[in-house]
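Paired with chain B in one complex and with chain C in the other, chain A is shared by the two complexes that follow.
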Partner chain A sequence: MSVTRRDFIKRSAALTAASYVGMNLPIGQHNVAQAVDADKWVRGTCRLCGAGCRLEMGVKNGRPVALRGVPKARTNYGYLCMKGMLFYKIMQHPDRLVKPLYREKKNQPFREVSWDQALDIAAKGFADSVKKFGSDSTAYYGSGQCQTEETYIFQKVMRGGLQTNNVEGNPRLCMASAVGGYLTSFGADEPIGGYDNIERSYCIFIIGSNMAEAHPVIFRRVMRRKLDNPDKVKIINADPRISPTSRIADMHMQFRPGTDLALMNAMAYVILEEKLYNQKFLDDYCVFRVGKDKKQVNMAAFKESLEKYTPEKAARTCGGNITAEDIRTAARWFAKSQGTLSMWCMGINQRKQGVWANNLIHNLHILTGQLCKPGADSLSMTGQPNACGGVREGGGLCHILPGHRLVKKEKLRNQVEDAWGIPRGRIPPKPGYHTMAMFQAVNEKKIRAIWINCTSPAQSLPNVTPYRKGLQSDDVFVVCTDIFPTKTTECANLILPTAFHFEKTGVYGCTERRSQITPKAVDAPGEAMPEVWIVREWALKLAKELNDPVIAKCVEPFLGKEPDCELPEAVWDEYTQKVTKGRDNDLRGATYEVLKSMDDGVQWPAPTKEFALTGGTVMKFVRGSDPMAETLAKDDKPYQFYGPAHADKKLWVWLRPYVGADEEPDAEYPLYLSTGRIIDHWHTTSMTGRVPELLRANPYSYVEINPKDAARMGVKPNDMVEIESRRGRVEMPAKVVEGPIEGMVFAYWHDMHEDRMINKVCKDAYDPGSKEPEFKICACRVRRISGPRALKPYITTLNG
Partner chain B sequence: MPIGGFVVNAQPEFVNEVAGELSDIDDVEVYGFDEKGNIVAVIDSESSTIMEAQVKKIEGLDSVLTVGVAYLHAEDEVEKIENGELVIDNPFQNRKKH
Partner chain C sequence: MKKLISVLFLLALVAGLTACNAALNGQAKQIVTPPQAVLADHPTLTEQEKLLPCFECHKDVTPEIYSDWYNSAHGIANVKCYQCHGTFEELTKVPAVDSCSFCHAAEMEHADTTPCWACHLTHKFTGHQK
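Up next, the complex of A and B:
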C-alpha cells in the first residue's frame, strides 16, 4: 500500500469517527470517500447482541475488506464495539463447516455426504419418527440468532406440515420472562418505546444489567446522556454486583441476589406514602390486579399489600448495603423526573420470579405515569439479535404462532391456517414442549427426532449435564444446522453447513421493535447454504416420505425461488403481508424494498409503506405516533392500550409479594452463584472464541469473589478454586474484586471447556409462568484447590 | 495492517490527560478531542491482534469510560490471508482433546 493511500485511509478513519461526535478536524475531507476503494458497501446489522447496531461491510473482489458504522442509524449512530467489528474474521475461519456431514451412530466419525443425500437422511429420520411415535415425537429448537424468515419457515413446516407445536428456541432461556411481564402488565409484548428515550430521559434506572459489557454501544448513549447533563440526569444502578456499568451511576444499590422484588415493592411503598403517583394516569388507564385469577382490587388493597415493604424493612431484606434513605431517594428520582427510563436484561429475566420482577418494574412506571411520554419507558434489553423479531414475533416458541397469536385459541389458529392455505384443524391446539420440558422429553425418548438450528443447548442449558444424555443417545435422531462445530454438534447424526450473516439475506428485529435487513454481500464458503433453502428442500422430501401433500403445500409459495434473495423475500412477504396483517406487530409496510432503503429499518406497527418509510412507530399506544392507536381507539384519550392480552384495554398494576430464589444458600452451600457475559465474548464462544484477538483477551472463564469472602476462604488472586453445587462442579481461576456483594460469587459462562463450564453448576428451576430458568441464582460452595495454574483455552472441534 | 478509527470517551475533566496518555501508546494517533470527553483516535497497527491489545490498553486507562469503533479497514490483512502469507492465528491448532 502506498503511503499516500494509507494516509488517506487513516484520515478517512479519523473523519468517520469525528463525524459521530460532531468534531471538526483540521484535515481536509476532499476525496476521503474514495480512499477505500471497496467495490461496494453493503448495509446490514451486526450479527451479535440485541442492540441492532447498523454497519456497512466494504466488499472488494467478493470478500469483506472493511467495516464502518452507519452514522444515521437510530440504534447506534455509527458506533460499534470491538466484538462486532471483528466478526468478519470468523467468516473465513478454517473451522467453518462447508459440507453436509453424517454418521448413523454417535460414536462414529462423521463422513461427508451430498446435499441430496443429507436431505434424504433428514427427511427419513423425521418421517420414521412420525410413523413410529407420532408427530409430537419430533421437535425444532431454534435461536434468537436465526433470521425471521428462517424461524418462520421452520415453524410453518413443523406446525402446518408435521402437525406438532414442538417449536422452541433459546430465547426461552433469556427473554421469556420479559414477554410474560409485558403481556401481563401492558397487555402486549415488547416495549412501548425504544432507545429514542435515552436522550430524552432525566432518570435512568438500570437493574439486572451490566450493559457496559453486554450492550456497550447502548451503554455509550446512556453514558453520553449522563455526561452531557451531569446535574439534570440521575442514573440508578441496582445490581448485586458492582460492574463497569456502575461507573456512571449516581447511586449503586447493591442488594442480596433475589431481593430486588422487595426493593421495588419498597420503592412503590415510598411512591404511595409520599403521594408521588400520577392519579390522573391511574384513573384513565390502569387497574390493580392480584392472583392467578387476575382479581381486580382497588388502590387501598395495593397499598395494604405494600405495608411489609417499608424502606427500613426492605433495606434489611436486601442485605444491609442499601439504606432506607437510598430507597426513598431512588423512588423520588424515579417518580419526579421529567422522564424515567428503566433498562434491564438477564438479571431480571433469568429468574424463577422473572415475570414478577418484570411486573414490579412496570408497576413503578404505571404508578408514576412514566410511560408514553418523551424519556419515559420500561425497556427490556434483548440478548440476541433476533429474539424479538424472529422468535417472539415469528412464532418461534411452543405456545405462540406468528403475529403474537396464542396456539390455544382456535380462531387464531384458523387465521394462520387460512393464510397458509392449509386445511383448518391442521395446527394442533395443544402447545408443545417448552425448552426445559423439550430436553427432558428428549431424555425420556418422547422426542425421537430433533432439529437444532444455530444454537448449542448442550452447553447453554442450566444444569446441563443430565440434559445431554438424551441428545447423546442413539435412540434420538439429531440434526444440527450451524456454521461451526459446537458442543451440540458433538451429539448430532447430521450436520448441515449454513451460510453466515452477509452470506445470505434476511431480517433481524432488535430490542426496540425495529426490523432491519441484511442483504447477501459475499458468497458462503464451500457448500454452505441458507436455512430457508434447506427447509424448503427438506419439506419437499418429507412430503414424499409421509405421502402428505399438505407438507409440500407449506413450501409451495417458495418453489423456484433462488435461495439468496428471492426465497427469503418470498418468505418475508408471506409473513408480513398475510400473517402480521391487523396484528399489533403489523409489518405490511416493511417490505424488502422499504427496508433496503432505510438506514436503520422500521419499528412496528407499520401497516403501510408510506408510514414505514418514516421509520414506523416510535412510541406504541400513543395517538400521533402509533397508527393503530387511531384505528383501534376505544375512546378519545391520547393513549390507547389496544394490546391483545388485556380485554379491558388497561395497564395492570400487580400485587406481587417478595419471594426469594428457588435455592437459597445454607450451611452446606453457603454462597450465592450468579453468572453472566464478558465484553469480548458472546454466548458459548462458538464464534467469538474463534477470533484470536477476542479469545486472547479472555481465554477462559474466571470467578469474581468479594475480598471479604476471599479472605475468609484463603483465596488469593488467580488461585484455582472449585465451585460446587448440588448439581455439579467446575474449576476456574479466582479474581478477587469489589464486584459481587459479600456472600455471592460471579462466574462468566462462555467457556466451552468441560472443567470450566459453569452451566453444569447452575440450577434448572424455572419461572412457572414464563418457563425461563433461574440461571442467575443458585447456592454453591467455593474451595481453593491450588495456586495459579497455566490454563489453555478450549474450543470444540468436529469430533470433540 | 488494519487501520481503525475510534471515539474514546473520557471523563470530561480528564480529557487532556487521557489524550496525552493515548498519544504515548504505540500505533495510536490522536486527531482531536473536545470538552465533552470525546477523543478521536486512529490505530494503525501491524495486525488486528496488536490493534486489539492497544484497545485493551486504552480501555484499562483510568478515566476512560468507553471505546467506540467507527471504522475498520483490513484489506491488507484479508489479502495476506488469501495469499497464504498470513495464517489466521489459531490457538487451537495441534490441540489435544482436553
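Up next, the complex of A and C:
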C-alpha cells in the first residue's frame, strides 16, 4: 500500500480520540438487506433541514429499519442526503429520554417522576411565577423542528391562557431577517415561487449559502441543472469563503465579510447604468422607498443613491478579490437571463444588516422583473424543517399570531380570540421578548419560568456563556421537552421525554410554502409522549392552579382525543379551518386526508380541497397559479401583489446603504470569524452525533484558515489553534485551505465539547429590525498552541 | 502497488457483480443481494483511527477511484463513501444494489436485473461503459 501504517497514524493524529469514555456508539444492527425486508414503508418528511425531502420509513417488527426517498416528490425526487438516510438510527438509541425527570435544585441529580407528578410540577412552577411576578415572567422557547400542531397549541396556551406573548423560537436565530426582507420588499412573508424554478432557470445567484452542505438535496437539483446545461446556465456563487458549493459556479465572487451590501448595490448600479432594468415591470408593480418612514422616492433618487457604488469602488470595498468587470458580468448575467433564481441562507440572514441584505437581493429581482415567471424567483432557503410552517405561519414568534397576523393589531388579535372562543382582550397587545431579549430577561430574573421545547439554546445562542449562566440559576424554573440529553437539559429542573418524528403525527412546512404530513409509524420508547398531549394535560392542571377557566378553554376542543393521531388532527383542523381562513397562508384545503393522499404535500395558499389536491400554489401572486391572485385582484394585470404588509399592493425597491458588521477586525482582534454547518451534522449534534457514520465523518469542529494567514501565524495543517474574541475562547484543529478569504477564518459550529463550542466566541449583536443575531461575523484572533493533538468526540449524557 | 490494489479491487467488484440476484419488492425494483462480508483485506483500524474519513487515505491508496468519485455527480453532491459502502463494521467492497434504491428508486426501474454499475461507470456513474 502507498500509505504505510505509520503514515496513517500520523495523518489521523489530530482527528483521533484518546478514549471513548462517556461516549455511546452503538453500531447499526440493521443493514441494507434487512432494511428492504421491511414489513411496511410509511411515507413522511425528513426530520432535518428545511428542504422538505419526502421519504419513507421502513418498519420491521415495529422498529424503524431504513429510510428511502420518494421518487414522485417534487421536493427531492427520491434523493436523500446521508442525514436523511440515517436518522432512523437514533430512534432506538439507548440515550433516548424515556421517563420524566425532575430535580428541585440544578446541582442535584435528576430523579424519575410519573407523568402526573411531572405535569403537576410544570403547572405549579409556571403558576407560581405568574402569581409572584406576573404573566410576563413566563416564557416559551420553541423550535423550527416542532410540528406545526405543537407550536400552535403551545402559543395558544401561552397567549390565550397565560396572557403573555413571550413566545419565541430558534427560527429567530436563522430566518427572522428573511421574514423582514420579504415583508418589506414584497409585502408578504415567504417566497413567491419555489424549487420548481431550479429546472427553469438560466442564471442562479447563490449568495451567503453553502447549500452543498446545508441543503444537499436541493443543491443536487442546482448541480444537475448546471451539469445538464453547462453552456446555457450560469451559476454565480458570492461568498467570502470558497465552499463545496463553489464547485459548480461559473463565477465565484469572494468578498470581504459584510461587504455584500456594497456588492449588490454595485450590481444594481450596473443594471441602471446599462439600462438592464425592466421598465414595464417597474411601472406596473413597483415603487422606490427610503428610510424608517418608508418615504416614496423616484427612480432618479434611487440612481443617485447608488453613485457611490460604482463597480470600481465596490470592488475595492469588497476586498480586492473581485474586479469591477466581475461585478458588471454578474449583473448582466442576472438581468439578461430568461429566468434568474437567487438562493441564500444564513450568510445573508445572520447579520446585523440581515433585513437590508435581503432587501438588496429582492431589489435586483424587482428591477429586472426576474419574478413571477418560470425560472425567476428570490428564494430564501430555510434552515429547519418547520421554521416556515410552524413558527412563521403558526405564530411561533413574539410579535406574530398564527396566520401571519401581527400581535400589535387589535383587529387581528380579535380575529384569533374569536376563533379560539376566548374573551376579546385576552391576548395582550404588547409583543413579548424576542429571543436575545428573552434570554437576557432570564439573566436578569425577569423571566422566572421558561419552557424550552426541542432545541438547545445553551449551545446554539451566540456569545452563549452568559446566557448559560442565567439558565443555570436556581431562580429560574426550566422545563425541557426533548428526546435526548443536551447542553440545555443540563440547565433544566424538569425534563419531559417526547415522541420523535414518525412516533407521532404532524405537519412540517418547508422552504417553499409546502405543508407535508408525517404520520405515526412506530411507538415512542418508554414513556415518551407527543408534545400536543403534554401541553393539553399541562394546561388543564395550570387552569386549576391559577383558577382560570380560560386556560382550560384553550384546550377544550382537544379533550378526549387520542394523542398520536386524533389530537394533532384536531389541532391542525382548528388552525387551518378557523385561523388561516382568508389569510395569505390559507390552508383550509390541506386537511389531513388531503395531505395523506399526496406524494409531497400542498403549497399554500390552498383554500379548497379541490385546489389542494392539485398540489396548491406553485407561484404566488400570479393569476392562473394562485387562486388568491383572482379573489383579491385590484385590477386586470397578470400579477397581483396582495400581501398584507403593503397597503399599496406594490413591490418596494429599497434605498439601503452599505453598512459593515457590528464588530470589524482591529489591531487586537485582526481576523474575521465566520461559522457554519457541515454536511454530516445537524445543529448541535444531539441527534447526528449519535449516528456512528455521521459522527465519524466529522467527529470534531475544525477551523479553516487561509494559507497566507496560516503562513503568517506559523500554523500547519492539523495544528491545534486557539480562537479568541472579546467574549470567549475555544481551541480546535486547523485546516489550512483556500476556503476563507485572506483575513478570515471559518469554524464549524456543531461540536458540543466545552473546549470547541464556537458560539462562546460569536457575537450577540442583532439586526435592529429582525432581531436576528450576527452569528456570521465577528472579530477574533488566532494563535497556534500546539502541533496535532489527540481529541475526544463528545456528546453530552444525562449527567453531563 | 497502486495498480495492483486497483486490479484487486476490480476483481473483487466483478466477483461481487456475478453474485448479484434480482428481485422486485414494493415501490421499486430492489435487487436483494446480501452485502459482502466485512473486508478481510482492509487494514484493521482502532476506534480512534475509524474517525478519519475514508478519502483521507484512499486518495493515496486508490487515487483513480478517489479521482473518479471526486469528479462525479456523487463527488460534487457530497455523496460520501460510507453512504454506499457502509461504515467499518458493515464495510463492503461491492455495495448491495439495494443501497442505490434509497435515492435512485425511479432510475432502477429500467435496470431489469442488472446492477447499476454493470452499465454506469463505477464511481463515475456517468454514461454507460458499454
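Note that in this section the second predicted complex is superposed on the first by the 763 of 800 C-alpha atoms of A that agree within 3 Å, B and C clash if a C-alpha of one lies under 4 Å from a C-alpha of the other, contacts with A are read in each partner's own complex, and residues count from 1 in each chain.
Basically, a residue touches a chain if its C-beta (ideal position, glycine included) is under 8 Å from a C-beta of that chain, and two chains touch if they have at least 3 such contacts.
What you see is a predicted model; the values in this text were computed from it and never measured.
Chemist: Would you check which partner chain A:G660 touches, where first means chain B only, second means chain C only, and both and neither mean what they say?
Modeler: A:G660 contacts neither chain B nor chain C.
Chemist: Is A:Y794 touching anything from chain B or chain C once the two structures are fitted on A? First, second, both or neither.
Modeler: Only chain B is touched by A:Y794; chain C is not.
Chemist: Of the two partner chains, chain B (first) and chain C (second), which one does A:G582 touch, if any: first, second, both, or neither?
Modeler: After superposing on A, A:G582 lies clear of both chain B and chain C.
Chemist: Between chain B and chain C, which makes contact with more of the residues in chain A?
Modeler: Of chain B and chain C, the partner in contact with more residues of chain A is B.
Chemist: Determine, under the contact definition given at the top, whether A:Y88 touches first (chain B), second (chain C), both, or neither.
Modeler: first
Chemist: Per the contact definition in the header, classify A:E754: touching chain B only (first), chain C only (second), both, or neither.
Modeler: first
Chemist: Would you sort A:E213 into first (chain B), second (chain C), both or neither based on which partner it touches?
Modeler: Only chain C is touched by A:E213; chain B is not.
Chemist: Classify the contacts of A:D228 with the two partner chains as first (chain B alone), second (chain C alone), both, or neither.
Modeler: In the superposition, A:D228 touches chain B alone.
Chemist: Applying the document's definition of touch, where does A:R68 land relative to chain B and chain C: first, second, both, or neither?
Modeler: Both: A:R68 reaches chain B and chain C.
Chemist: Should A:W41 be classified as contacting the first partner (chain B), the second (chain C), both, or neither?
Modeler: Touch partner of A:W41: chain C, not chain B.
Chemist: Could you list which residues of chain A make contact with chain B in one structure and with chain C in the other?
Modeler: Residues 1, 9, 12, 15-18, 20, 27, 36, 66-69, 78-82, 85, 212, 216, 219-220, 223-224, 227, 247-248, 692-693, 696-697, 699, 793 of chain A touch both chain B and chain C.
Chemist: In the complex of these two chains, what residues of chain A are touching chain C?
Modeler: Within the complex, chain A contacts chain C at residues 1-3, 5, 8-9, 11-12, 15-18, 20, 27-28, 31-33, 35-36, 41, 56, 66-69, 71, 77-82, 85, 212-213, 216, 219-220, 223-224, 227, 244, 247-248, 679-680, 692-693, 696-699, 790, 793.
Chemist: Of all residues in chain A, which touch chain B in the complex?
Modeler: 1, 6, 9-10, 12-18, 20-21, 23-27, 36, 58, 60, 63-69, 78-82, 84-86, 88-89, 92-94, 212, 216-217, 219-220, 223-224, 227-228, 247-248, 690, 692-697, 699, 753-755, 792-795, 797, 800
Chemist: State the interface residues of chain C toward chain A in the complex, per the touch definition above.
Modeler: Listed in rising order, the residues of chain C that touch chain A are 1-2, 5, 25-28, 30, 32-35, 43, 47-53, 56-57, 60-61, 73, 76-80, 82-83, 86-87, 89-90, 95-96, 98-99, 101-106.
Chemist: What does chain B use to touch chain A in their complex?
Modeler: Residue list for chain B touching chain A: 1, 3-7, 9, 11-12, 29, 31-34, 36-38, 40-42, 44, 48-49, 51-53, 55-56, 65-76, 78, 81-82, 88-92, 95, 97-98.
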